[in-house]
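What follows are several structures.
Here come two complexes built around chain A, the first alongside chain B, the second alongside chain C.
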Partner chain A sequence: MFLNSIALISQEVLEASILISILMALAKQLQLSQRWVLIALVMGSIFAFIYGQNMGDVSEWFDYVGQEIVNASIQLLIVILMFLATFLYSHSIFSSNKQGQIIFLANAIAIVALAIVREGAEIYNYLIGALVQPDYVLTVTAGSLIGTGIGISIGVLFYYAMGALTGKKRHIIGLVLFSLIAGSMTSQAILLLNQADWLISTPVLWDSSHLLSEHSLTGRLLYGLIGYEATPSALEFAGYLGTALIILFIGMKKMPKIKCLEQTINA
Partner chain B sequence: MTSIRTFLILSVVAVLVLFNFIAAIQGYSSGMEKAGLLFDEKMLNTAKLIANLHVEGNASNIEHTSTIAFQLWKNSKLIAASSNAPKNPLTDFQPGYDYTNFDGYRWRSLGYYDRKRDVWILLTERDDTRFLLAENVILESVYPILLGIPIICLAIWLIIGYGLRPLSQLANELRNKKTSDLTPITTGDSAKELEQVSSSINSLLERLNQTLEREKLFTADAAHELRTPISALKIQLHNIKQEMPSNSDALKQLNDGVNRMHHIIEQLLLLYRTTPEELVRDFSKIDLYTLAQNNIAEQYSLFEEKQQNIELDGVATEVNGNIFGLTALLQNLINNASKYTPIGGHIKITLGKNKDKPFLRVEDTGSGIPAEAHNRVFERFYRHNNQQTASEIPGCGLGLTIVKHIVELHNASIKIEPSGFASGCAFIVEFNQ
Partner chain C sequence: MINYMKILSWKNFLYLSIGFLTYSSNVIAGPPIIEIEIKDHLFFPSTVEIPANKKIKLLVKNLDPTPEEFESYDLNREKVIAGNRKVIIFIGPLAPGEYPFFGEFYPKTAQGKIVAIE
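Let's turn to the complex of A and B:
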């Protein structure tokens, strides 16, 4: 239970914290206030609690696959918002007008809040299930705290590491990670829709579980970081790759503008 | 803007938490592995002990704990067993460890063959009990790490805060330093790393102070020294006027030039006379209304010349200030209004109190000042030209600089708004008294 708690909680927290770190680093580069994170955290936590409490009812929807469908929808909505965030960031729409900045921040709040709703509800349900057994209360609590600590610490270090990079490197690394997270979200959504029988099953492309099991702690951390899966199906892989490429395409298209913007800010 | 303190606290805590927790996980994993080996060794010892049991006939009701089950086999015949053991062999007759399932639990099993007595001991131990026991023992060493983290975080917060105190003190001192204060900074027992910074700042302040003093002295001396030749020029000009026709264009331009030069010198002298020390020393209660009345009377020829309508509105308004400074302030504002208001225009001076704060408002029907130039008009030698060029309106761009300077020395504020008339602007001075 101890290692399971660490693995599950750190994976969920890491997914959200990396997303927050990248968006915070982008907002910082644009000299925008970071107060939006607090709003997103509060909103996300409230809705995660509500969603977690009603998970039983939700799972009965759509012939008892409601949970999968709702989770997949949240994931896909996050991906669409991530496309928009990349577009707004790379096309410097926010740099000249207040309205653009507000749209960028509102979009960032929506992405983080939705990610927290998704991950938070999972954590809530896991904890509610695990903590009913008195023997495991201490073990699960300790594991959850350690998992949370690991997830947040990596997020914090990642944020400062991004800040230490120079403008262009920061942009490229941020964009690549952003694309991998978006790809991971899409592949998770496809997996969920597959489980709900809303999508056809496609053959497994490879099996790397002998190299790194996705149930190991490292595997779970990598899953949280870049969506590592030991046995991806063809459709999941296509979704992952397609999403990542779209993000990279949108983000890389207007690279020179970022340089100009940075020069303006520095000036 | 990134805070050094926040960065240090968060990154140090993150590194500490990450490595402590990874170490805890590593410790837990290897601890559990070692505990498994210890339990296995204990099972082997128990099996050897059981092999030495002297059993007669078939004994299957031997006292036991519910977490252990065993069987003693000889020549494929069960000769003794714990009462919770099934009738079938607990595990294969193979020496070594394995796992087996019965009674609704998963058990760790051991097959042990005693050659001397020719008996097989099949021993099992409940795996969940072994796991829980080992986990409870190992987690006892993980809890202090978890409980210690908040204390360590608090210690890091305090230590970094204490370590960065000289830097905060230096930042505070610089933040609270008035723009006119060029005295050296004193950071007390500052850190070694900051010695160079404070020494460089002090050296810079000293050089700046010397430069400003030199500039002040030069301008004041130059202005003062120029006064005499200007006065002589004016007398000579007056004499020439007697000898030359009064409508001479060249004479008029010469007269305007001399007057402009005289005005610049007077303004420069005024700017450097209004030093904080001198002004504040002579603060007293002054009625702005009376002062404005006198000022208007003194400058009345100006309004008459341009056929301007001047209006003074309000009541007696007392402020604590320097008579010389406030006179210069009113003079400049009223003079400015007259200069930029066309012939036949309107100038209004209002005095009163707004939320118990005395205020002075000078508005006109001039061409006004666009919002983007509001801050710039207070800069030295800046002249805003919208419709009229600098050459058309006499001035040197120092009047509003002097006004701003006096306003600051009186702990007041000044702002520019559109005037209450159809055109023009209003200067509002609000005293925080």
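Let's turn to the complex of A and C:
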């Protein structure tokens, strides 16, 4: 139970943690206050609690596939908001004025809160099940705390690693990571809709489980980080690639303007 | 003399449509339903045989008061099942072979496998 809770919680926390660290790095680049993270964490936790508590009822919606539909909608909404974040960040006309910055922060709050809702609801269900059994309370609490610690640490590491990079490198690496996370969100949404039988199942494109198993620690970390899947279907892969390319396209298109913004900030 | 206008009335058209839809839904039957139960953090049955290359509707009933998460790396499936609730998970079409699954909240005990047979 101890190792299981570490693995489970760290994987769930990691996804939101990386997303937070990249958005924080982008906000820092725009010289914005980081108080938005706190608002996002509180809002996300409240909604995760509500969703987690009502998971049983939600699951019964749409002929017992409500959970997939709600989760896929959350994932797709996050992807759309990530498109908007990339657009706002990359166009100095928005990122350099007050209104644009407020929209950027409100958007960042929505992305993080939504990411926490989904992962948090799962953690909530895990904990209410495990913590009612006296034998497990100590091991599960300790494991969950360590798991949370691991998830947050990796996020913090990412944040400072990105901070250590110079402007252009930070922009490119941040953008690539952002595109991979958005890609992973789309492929997860496709998988969920397929699980609910709302989308047709397409053939598996490859099987890399012998190279890197999803059971392994690295596999689980990579799943949390960039949505590593050992046996992706054609549709999941297409969704992943398409989304990642859209983010790169939006973010790369206005590169010269970022330089203009940096010069304005430095001046 | 037969009144053709009466035969072609909208009511008859409606009856015909309902008849056709009922007929077609019987012909194009949904995927077969396979039932799995979770009790005391164990899956019953723990080995489920299904026909290969066919879509299957898994009906997973959680008889425990605590939530469980049905998870399978090989099936690419993951779903929380609240205590004393049931859910539906679509799987397949699968190539012949074995596909292990487990309860992510209690992976030591809650284990099982789907066996797709040609």
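To be clear about the criterion, the second predicted complex is superposed on the first by the 264 of 267 C-alpha atoms of A that agree within 3 Å, B and C clash if a C-alpha of one lies under 4 Å from a C-alpha of the other, contacts with A are read in each partner's own complex, and residues count from 1 in each chain.
FYI, a residue touches a chain if its C-beta (ideal position, glycine included) is under 8 Å from a C-beta of that chain, and two chains touch if they have at least 3 such contacts.
All figures in this text were calculated on a predicted structure; none of them were measured in a lab.
After superposition onto chain A, the modelled positions of chain B and chain C are compatible, with room for both.
With both structures placed on the common chain, the touch criterion links A:Ala106 to neither chain B nor chain C. Using the contact criterion defined above for the overlaid structures, shared-chain residue A:Ile80 touches neither chain B nor chain C, since it reaches no partner. When the shared chain is aligned, chain B comes close enough to touch A:Asp135, but chain C does not.
Between chain B and chain C, the partner in contact with more residues of chain A is C.
Once the two complexes are laid over each other on the shared chain, residue contacts for A:Asp63 go to chain C alone; chain B is not touched. After overlaying the two complexes on the shared chain, residue contacts for A:Leu212 are found with neither chain B nor chain C. When the two complexes are laid over each other on chain A, the CA centres of chain B and chain C sit 160 degrees apart as seen from the CA centre of chain A, to the nearest 10.
When the two complexes are overlaid on their common chain A, residue A:Val156 makes contact with chain B while staying clear of chain C. Once the two complexes are overlaid on the shared chain, A:Leu8 sits against chain C while remaining clear of chain B.
When the shared chain is aligned, chain B comes close enough to touch A:Leu145, but chain C does not. When both complexes are overlaid on chain A, the residue A:Val42 reaches neither chain B nor chain C. Between chain B and chain C in the chain A overlay, the least Cα distance found is 8 Å.
In the three-chain superposition model, chain A touches chain B and chain C at no common residue. Those residues of chain A that touch chain B in the complex are listed here as 2-3, 6, 135, 138-139, 142, 145-146, 149-150, 152-154, 156-157, 160, 163, 217.
On chain B, the positions that touch chain A within their shared complex are 2, 7, 10-11, 13-15, 17-18, 21-22, 24-25, 28-29, 132, 135, 139, 142-143, 146, 149. For chain A in complex with chain C, the touching residues are 1, 4, 8, 55-56, 59-60, 63-65, 67-68, 121-122, 125-126, 128-130, 132-133, 191, 194-197, 201, 209, 213-215, 229-231, 233. Taken together, the chain C residues at the contact with chain A in this complex read 31, 55, 57, 59, 66-69, 73-74, 76-77, 79-90, 92-93, 104-105, 107-108.
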